[in-house]
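Below are two complexes that have chain A in common, paired first with chain B and then with chain C.
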Partner chain A sequence: MRDNGTIKQDLRNYILSEVLPGESPANLKDNTPLRTSGVLDSMGLLGLVSFVEEQYSIELEAHETGIDNFDTIDSIASLIETKIAGRDKA
Partner chain B sequence: MTKIDSVASDLASCIESSARLFPDRRAIVNPDGSAVSYGELNAKADRGAAFLVAQGVVPGDRVGILMPKSANTVTAMMCILKAGAAYVPIDWTAPVERICAILKDCQIRTLFIDSRLATSIKVAEAGVEHVIVVGQGTGTSERTRQSRWDDAVNHTESVSPRSERGSDDLAYILYTSGSTGIPKGVMISHRNAVSFVDWCASVFHPSPEDRFSSHAPFHFDLSVLDIYLPLRHGATLHLIDDETGKNPKALAAFIASQRLTVWYSTPSILHLLASFGHLDRYDFSSLRLVLFAGEVFPVKHLRQLTKLWPKPEYYNLYGPTETNVCTYSPVPLPIPEERTEPFPIGWPCAHCAAAVLDPRENLPVRKGEEGVLYIAGESVFKGYWGRSNETNAAFRNADGQRWYSTGDVVREDPEQGFIYVGRRDRMVKRRGYRIELDDIECALYGHDSIREAGVVAVNTEAGDTQIVAHIVADKEPPPDILQMKMFVAKALPSYMSPDIFIFHKRLPRTSTEKVDYQSLKQLQQRLP
Partner chain C sequence: MTVDLTNDQEELLRAAIKFGRASLRQEPDAVRADRDILFDAEGWRKCGEFGLFKMPVPEEYGGLGLGLPEVLAVMEGLGYASADQGLLFSANAHLWTNTIPILTFGTDAQKSKYLPPLSSGEWVGANASTEPEAGSDVFAMRTRAERRGDRYVLNGAKTFVTNAPVSDLIVTYATLDPALGATGITAFLVERNTPGVNVGPHASKMGLRTSPLADVTFHDCEIPVEQRLGREGRGVQVFECAMEWERGCILANCLGVMRRQLEQVIRHAQSRQQFGKPIGKYQSIANRIVDMKLRLETCRPLIYRIGQLKQLGRNAELESALAKLYVSECYVKSSLDAIQIFGGYGYMTEQGVERDLRDAIGGTLYSGTSEIQRNIIAKRLGL
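Right, the complex of A and B next:
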């Protein structure tokens, strides 16, 4: 079982190592905009989506990874929680 | 058995012969699934050409196209060619300054523009006198002369569009990144383009049953094959919009559902398809040809793709925009597990001649030695628009031919043909785009707290190109990496954004006080 805090930590670790190598972890906040700021471009997004899908055995549709639910660690983590809940119910 | 005219002297007649032979066949399928037949395409283009002529467009004029990809965009190209003018496809997603720089550079007076863009770009200030607005909308608020697309392609006056079209006339101009940050226009004649399309036909054997992908944007030279090879041979062109083009899952579903037979793109996109497209979920049995160009395809990624798509034939096509494809090499399958070196760029195409020269002495190297690849032949461009000095510098005259210096270093292998070694200058390719590393440095210097910047490209173990920015900040602590990423995202297209930022107290220098790029590259390789 993964709680919200663990999911955020997973996301933070992935982004720091793949997108922001060398960055101090303290600078990446849960509400740092990733897409709208240009930190994560379309290629970076694909990598993150694939990481999330494998890590949590869920599948994300294109419309789910828009800027509304996929811009910050906060919003991505809550999307993942919703998807996990949906998966476990099914 | 119907036969395609064996000789076409210009690009518009490619479409005309298909319209005679296959008036009812589908020529172009839009991203939304709607289709245009050959008869319709040709008739619209004839009327649109007559309209342009009536509006004062004369042979030799450059007519701009600022539209997302659609059948209308291809129709606009045909209108322009049939009017004897040259088209200039402009990246509609580019920053406005870049768009205006292109409009001004080749003095575009007539412009096809999508209505959604017409209000946001002040084209009159860039010298445009007449816009043809495509799509629903109000058009521009500027005092430019305006026409509607529907009026253009339904023009009924009998002005003959058949002004003399010569094979050495300019057909189109494609803008590529220039070393100073200002794009430069590569001028391609009808002869240049037709010789390339004819060579493609001799190797890839297109038939009216083929369904071609159009993945590359129209301002990219890959689109020349996409558009003209199917249209010349009565096949169908399937347009892929930007959104689908960047989404591997949607793209995989598209290729399967449209039963595409020929795919052409950069290796980056094919790698994404193999990694994220869930290719094992679909039926790709229609796919017979996979062509790639624009950058080196790391063997690891290519092997992964060929395992998922074992049936098609694969070809590595090589050539800068200035020559279009000039060497090629089929990829033998299966790819051995132990192979790590990329596939060769192969032997020259039938319409090209190649020579490997030592640039210091302008003499051929001995067979097998490294040198700069020069290309001569029918597909070699006329020159850069309005830049005679750069045009002259790009060519060398010998044996009664003009030889274009590609700037690419190669060596010849007796079995495999040419092997790509690297660049002479500081240009690199990533995701199929040409990138001048100096341009990235220029942008970094725009940041208030950056004193020095040295940007290098390194190859990862998997064979990908990684851009590393080495920076000396003006004060301590240096700006954080997030800030740097955000700053760069505002200044440069995303494909130019460095992957890694490393801060230093000072940059290594050569004995002549230049930034020592070789040391910077090695520095990166020693990092974990």
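Right, the complex of A and C next:
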């Protein structure tokens, strides 16, 4: 079971290695906009979605990946927690 | 760098040359067809009989199950032997942006239904992704797909759809909600005769004129959920797959054209006398021909490298962009050199030499402009 802090660290590690290689970790905050700021382009977004699905064995529906749910490490981590809880209940 | 084809691949290349010379358009028919914008439906049918569209398709779906290097060798041979590159451009669009995505992302039912008629050549495949306001920025598309129960309803307009006027099956892309961005885009298989699909007239263009191209609009076009290609919201993956294959493979026939051009200019430079000697004896002419040879020899490994990578199941995004960029620009330069060496005769439409240049320029635009290829390469280099 991963807690919110671990999930955020997973996301941070992925983004820094795959999307922002060479970027200082200090510049990537939990509330840094990833999509609206242009950090994630189309393929970067899809890569992150695939990473999340594989890492946490969850399936994200298209409507769940809008900017409201999927723009910052904070919001993505919350979505993942919700999806994990739903998966475990099922 | 050299390309060492296997004996089987060499044999296929020779077979393609023999078939192309016997069955596909030659001069002066190709000049007339280019002028009159005539798709070679009979040539398409013969390509189907020859097995061109079956080559990359597994045997269980009516194909030949050959590897990509073999397909590329055949395309090189056809490019060399046919004077109608528009037909081969259509064949490329059919294979890489229609057949391959179905093969890669299709359900068993979709593959069983569509691959047999596509691989026999009975059906023509098209790809509708570009929109009037979404060219290089293709994911800014406005065509909408609204889910209504067990159907999607498509509304929107696509432009520059190769093969559309003669198509039977269109792979297209629409967004469920523009606010979702890339994760809202979904791919669909749309049969041409579906109510709400409207294909415009065959548009006239600078080169590749015998390859039909038109706008396609969807007006309340109902598509069963079973016709969705891949997962909902994962159309970008389908599109990127199609583009990677197309960028890497669409210029294989141009290798054949560049070889033909080289042979033509050498013959001309040896026989054409000016100021008492063959023009090939002048360094300014000979140097152009040397450059054409160099371009051909440096282009071939880039194309066949993609065949090797895809055969190994490896990603070839970087290599496809490199090949697309370099080969398309070399093709333009060699076509310009051929015209210059032929002089006034090269400028005349009846000779067919100038047509190669018009065809070649398209290569720096379709499947992502040269600028987009450079962006892809730079990004892969970490820039």
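Note that the second predicted complex is superposed on the first by the 90 of 90 C-alpha atoms of A that agree within 3 Å, B and C clash if a C-alpha of one lies under 4 Å from a C-alpha of the other, contacts with A are read in each partner's own complex, and residues count from 1 in each chain.
To be clear about the criterion, a residue touches a chain if its C-beta (ideal position, glycine included) is under 8 Å from a C-beta of that chain, and two chains touch if they have at least 3 such contacts.
This one's a predicted model, so the numbers in the text were calculated from it and none came from an experiment.
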item: Overlay on chain A: chain C relative to chain B, clash or fit; value: clash
item: First (chain B), second (chain C), both or neither touched by A:Gly66; value: second
item: First, second, both or neither for A:Leu79, with chain B first and chain C second; value: neither
item: Which superposed partner A:Gly38 touches (first chain B, second chain C, both, neither); value: first
item: Partner chain in contact with A:Val52 - chain B first, chain C second, else both or neither; value: neither
item: Touched partner set for A:Ile7, first chain B, second chain C, both or neither; value: neither
item: First, second, both or neither for A:Ser24, with chain B first and chain C second; value: first
item: Listed stretches 219-227, 471-479 or 507-515 of chain B, narrowed to the one that overlaps chain C; value: 219-227
item: Residues of chain A at both interfaces, chain B in one complex, chain C in the other; value: 21-22, 41-43, 46, 49, 62
item: Contact set on chain A toward chain B in their complex; value: 19-24, 27-28, 32, 37-39, 41-43, 46, 49-50, 62
item: Touch list for chain A against partner chain C, complex; value: 21-22, 35, 41-43, 45-46, 49, 60-63, 65-67, 70
item: Interface residues, chain B side, partner chain A - complex; value: 246-250, 272, 275-276, 431, 480-482, 485-486, 488-490, 494-495, 497, 499-502
item: For the chain C and chain A complex, residues of the former touching the latter; value: 139, 176-177, 179-184, 186, 232-234, 236-237, 240, 382
